[in-house]
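There are structures below to look over.
Two complexes come next, and they have one chain in common, chain A, joined by chain B in the first and chain C in the second.
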Partner chain A sequence: MPDAPTSRTIAVSALARVEGEGAFTIRMRDGQVEGVEFRIFEPPRFYEAFLRGRSAMEVPDITARICGICPVAYQMSSVHAVENIFGITLPPELRALRRLLYCGEWIESHVLHIFMLHVPDFLGYESAVALAQASPENADLVRRALRLKKAGNQIVRLLGGREIHPINVRIGGFYRAPKPEELAALRPELEWGRAMALNAIAWAAKLPFPDFEDDYEFVALRHPNEYPMNEGRLVSNRDLDISAEEYPDHFEEYQVPHSNALQSRRKSLSPGDRGQGEGAYFVGPLARWNLDADKAPASVQEAAAKTGIIFPNRNPFVSVVARALEVLVAVGEALRIIAEYKPPAAPAVEFQPRAGVGHAITEAPRGILYHRYETDSAGMLKNATIIPPTSQNQLQMERDLARLAPELIKLPDEQAKLRAEHAIRNYDPCISCATHFLKFKVEGR
Partner chain B sequence: MIAPIRIVGVGSPNGDDAVGREIVRYLRGRLAENSNIECFEIEGGQRLLELLDGRGTLILIDAITNGGLHGTVERIKWPDSRLETLSPGSTHALRLAEALQLAAALGLLPPETMIFAIAIDASASLGHRAGLSLELACRVPEIVREIEAELTRGARRLAPRH
Partner chain C sequence: MMSPAKPRLGVFKFASCDGCQLSLLDCEDELLAVAGAVEIAYFLEATRRPLEGEFDLALVEGSISAPEQIEQIHDVRKRSKFVVTIGACATAGGIQALRNWGHEQEYLRVVYAKPEYIQTLATSTPIADHVNVDFELRGCPINKEQLIGVIGAFLVGRRPHVPNHSVCMECKRAGIVCVMVARGVPCLGPVTHAGCGSICPGYDRGCYGCYGPARLPNVTSLARQFQAMRVPLPVIDNMLHTFNAWSPEFRPGAVGNGAGHA
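The block that comes next holds the complex of A and B.
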């Protein structure tokens, strides 16, 4: 009988159903994980360098181009960071419209991820197409999901000027504020969407979740009065409680040889003494729900309680339920804002550019998005720093793959690849944003 | 009720990948005011699903990098395995072939679905220039006439027989 293999390489050379170009490799020796590399080979996109020397007024339009799925997040973090420099405070009507725009993006991004990208993993289909083809019930589910997604698109189209790479956000507010009747026209689909979102929560909670709990550090914004989107302090389930300005003191980006994206980690008190994965933290819907569920509307908290799932929850596969809960948060918030809407006196407030440094963190659908800008007295950008959620989750994804590796090496390569992709998709990574997607390789088993 | 004819230009707004969108813009300018033809420009498969309701005729116009001569037109009737090569691009959004498969599974795909695939030279055409290359821009009116001829043939096919 030949000797059992002592080493194996599991490699996924192109990860499916995530945005952007990435891969991962697991190196095994004698049944032990020797190393895990989550590689992002999407070419660097140099947005921070493009911004240097441009007017701060151009920031929301340029940063919206970073992502076709979450352009609003880039607009929100950038516009708030610049407004912090210029000392701009928005009147409540404009603030509410910014939140409504974000609700639209949360709905479309979350619904896309749950039903088109992630649910096929849980149910064993290779894609949403295969899921829809399998039965009339599945086809109906996908049809309803697309309808709900469209309700989110319509919010972004109205407030953003168009669905993809919106153009209506400006420093100080918007270029154009919607008429009450334009917002009212969105209500019927959102009312239908509320019932659909409730069903989606109950349905998602019954998906089969692998046992995969770990002691994660969940990081999210926390706002005193509302479920966080645009504002709040950055908190974690450990001892973190900081303002956006303090972010660089607690987090750092660093280069790893196997990725074009910088990885982000918690700053260590004893640098140089790190094991693989140390400093990893978890951002996104599960982090937000774990830390902020008490700020969600009571009806969503009730829907969460009815699932029977215990929150806070430390299983990343449960992210799909948190994402569904957030769809209901966003639909409910959208309806509330529309019902309370009073047109602002002007679509934007007046301001004077000034020199300074501004920071902002907002909650993109897939987690916190940090922006920092420095301007001169004419409002021209001296420099820019953008740290997307996928960069922040990257190390955590590597850590999850390392934990999964002993199970993966027992599987045939194709099954191992699907299993690993499933785990990666818990984080809904957007690799283009992070330039930071997935090819898979196991070496040495 | 007249079944709608939807003509959809697919692609990025930049470079020669925008040829489908340019053709739709040109065609839109030539439509009669009471035309039952609706024109759309989209970037990828996601948006296509929102445009469809299972009725009428769908004509998609998309750039293709199949090694064919720059600007040559291939007419493909759904379903056809050659569609796999259309709009590869983002994996987060649906590829066009997947969107068509999904639309078919959901009962949203019109009975008549035709794709005009226009060969572009990937190495020379996928730049970040604002408009089309000169040689492709010169082909737009001719391709529009081919689509109009197809619509006329389609109208004859679909016309009630007396």
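The block that comes next holds the complex of A and C.
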């Protein structure tokens, strides 16, 4: 039965080509948006609760399991936060290896999202497999994309021991540092990958982008002399410029009845009730490129200029191009780090656990990932707070759906759903990540 | 003329991190060949195709941890000729099974301001606790080569060949110097199911048991050895209680396995 002409509900009950389980509903009445809900029904797994009483040394292994797509991001934010508590500073060689590992994850995660999850939306296929099966040219494109993804995964595999849930990251560094010849073996595929990434940028820039600009607050790390991954201050295109420690003063999480994931928003300057969507902000590749393009290697800035797309850009559909630009950043950085590699004196620095509180923010492929831990003097965890990128983008995704709604109502159901899904996939949501974190606080301990 | 219908593959997710199903997309060299040999009929992480019809092979990731999932897994079973569970969540309940020691209400309270919005079960349990499972592939995450092997075995109609001996055996075969004997690093390799390629000892650290128990593991003997190495009992418990905590062999912890009385 079609809905009455004045009222209509567009609902997708199981969102595809995202990580984890989500759904959304847009309710319209008399041509006005009555309500938009981006629902996360992924069951909670309670990481922050069971981390209590575990050793800080276990944190990178355990938090990796929050997300099979971006385990390195969880390992990076968690080790940095704990290292902040223990007063550990890494020598430059180990710092470079951490960045190299992150490059690997950016490549594999971004290429997965561009070609396997997002491009089918632009080109009208149900999946990358369907895309590949449609023509020999498409099959070749998907094959080359998989090869590029593998080049990223090979970095993670060497430095981490395996692609998913790597085992080599530890507090203080790594368990084992790679030999120069092991790293050198990665170079040929990465050199090929540089050319492929350039092609991917030019190709992505020609995809059809609906006109959908808005005045977003983009939030990303900013580092004085490099494109941000592991460190930096948190900045936005508005007034934000803070350290990781100050994050809780500027952002808050709150619970909504329709979702198993907490949503994040900017803390309000004025108390009282807020309108729907107020305090939303935008994290991820487009935010990073908008705020940090000047820190990217000159060759990537040139590639961006050649696309003809104006940056900073306020159209979330253009995220796919920012993601492709970041693949080139990561490939180039990986090649640079490998070329400059000198084995560290030891795979990890010595340290003594101590009591304290530590914060860290790193740039997961899909945006900033905040971790906070509190330890006792033996290095056992007393508290943990983990705020993943998808809970930070959640409110923004709802706002985009609301803004899209007047256009959706003119489309037949299937097309409306597809367009709305596409808008959500702009953010590369990782719903497995987004569930379970949430504020965790123990009183009276 | 129509070619004969390809076997229909379904990939299903319960409570999990998505990593095991991602292993299929991580088969960069084999993915298109797999897609040529089977019809990927349901795989929400990769395709918009809706859930309909029956499946020749269902790969199931994740544990049962919410009320509606019980119904869903029975539906998957009914639709599928073969059900293969992939990963530690599906075969042992995953790390989220740490709630099974009676902490669920406490966890819910401390994580959510309004726990009444959240519907979960008090336990996180493996798929085989709810429906008949034809084969269990272990690991957190699974080994993608083993996954291809399992799909291939199914295609030709034979039992998958996945060794169930210990990581310790794998490690010896790889010629890795024993981290426990040579360096005194506690290692769960002697009781852990093979399949990862003994990567942890290969990277100079002890195995942390992410593939779950090997067949007939002697947990008591290993726990006592750890005690002799002066590893505190709570630490041994934490080592056993990670991604496969709810497996029958690791569940009793150190003392429950007979350590602590030596």
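Simple rule for what comes next: the second predicted complex is superposed on the first by the 431 of 445 C-alpha atoms of A that agree within 3 Å, B and C clash if a C-alpha of one lies under 4 Å from a C-alpha of the other, contacts with A are read in each partner's own complex, and residues count from 1 in each chain.
Basically, contacts are C-beta pairs under 8 Å (C-beta built on N, C-alpha and C of every residue); 3 or more make two chains touch, one makes a residue touch a chain.
Computed from a predicted model, the values in this text were never measured in an experiment.
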Clash or fit, chain B versus chain C on superposed chain A: clash
Which of chain B and chain C A:257 touches, first, second, both or neither: second
Touched partner set for A:332, first chain B, second chain C, both or neither: neither
Contacts of A:65 with chain B and chain C, given as first, second, both or neither: second
Which of chain B and chain C A:284 touches, first, second, both or neither: neither
Partner chain in contact with A:45 - chain B first, chain C second, else both or neither: second
Which superposed partner A:132 touches (first chain B, second chain C, both, neither): both
Chain A: partner with more touched residues, chain B or chain C: C
First, second, both or neither for A:143, with chain B first and chain C second: both
Segment of chain C intruding into chain B (one of 97-105, 133-141, 169-177 or 187-195): 133-141
Chain A residues contacted in one complex by chain B, in the other by chain C: 15-20, 68-69, 112, 116-117, 127-129, 132-133, 139, 142-143, 146, 150, 153, 163-164, 430, 432, 437
Parts of chain A lying in touch with chain B, wherever the complex brings them together: 15-20, 68-69, 112, 116-117, 127-129, 132-133, 139, 142-143, 146, 150, 153, 163-164, 430, 432, 437
Of chain B, residues touching chain A in the complex: 43-44, 46-47, 49-50, 90-94, 98, 101-102, 105-108
Residue numbers on chain A that touch chain C, as the complex places them: 14-21, 42-50, 54-55, 58, 61-62, 65-69, 71, 108, 112, 116-117, 120, 126-130, 132-133, 139, 142-143, 146-147, 149-150, 153, 161-165, 167-168, 170, 175-176, 254-257, 260, 262, 347, 421, 430, 432, 436-442
Of chain C, residues touching chain A in the complex: 13-23, 25-26, 28-29, 31-32, 35, 40, 43-49, 51, 65-66, 69, 94-96, 98-99, 103, 106-108, 110-114, 117-118, 120, 124, 140-141, 196, 199-200, 202-205, 208, 210, 235, 238, 242-243
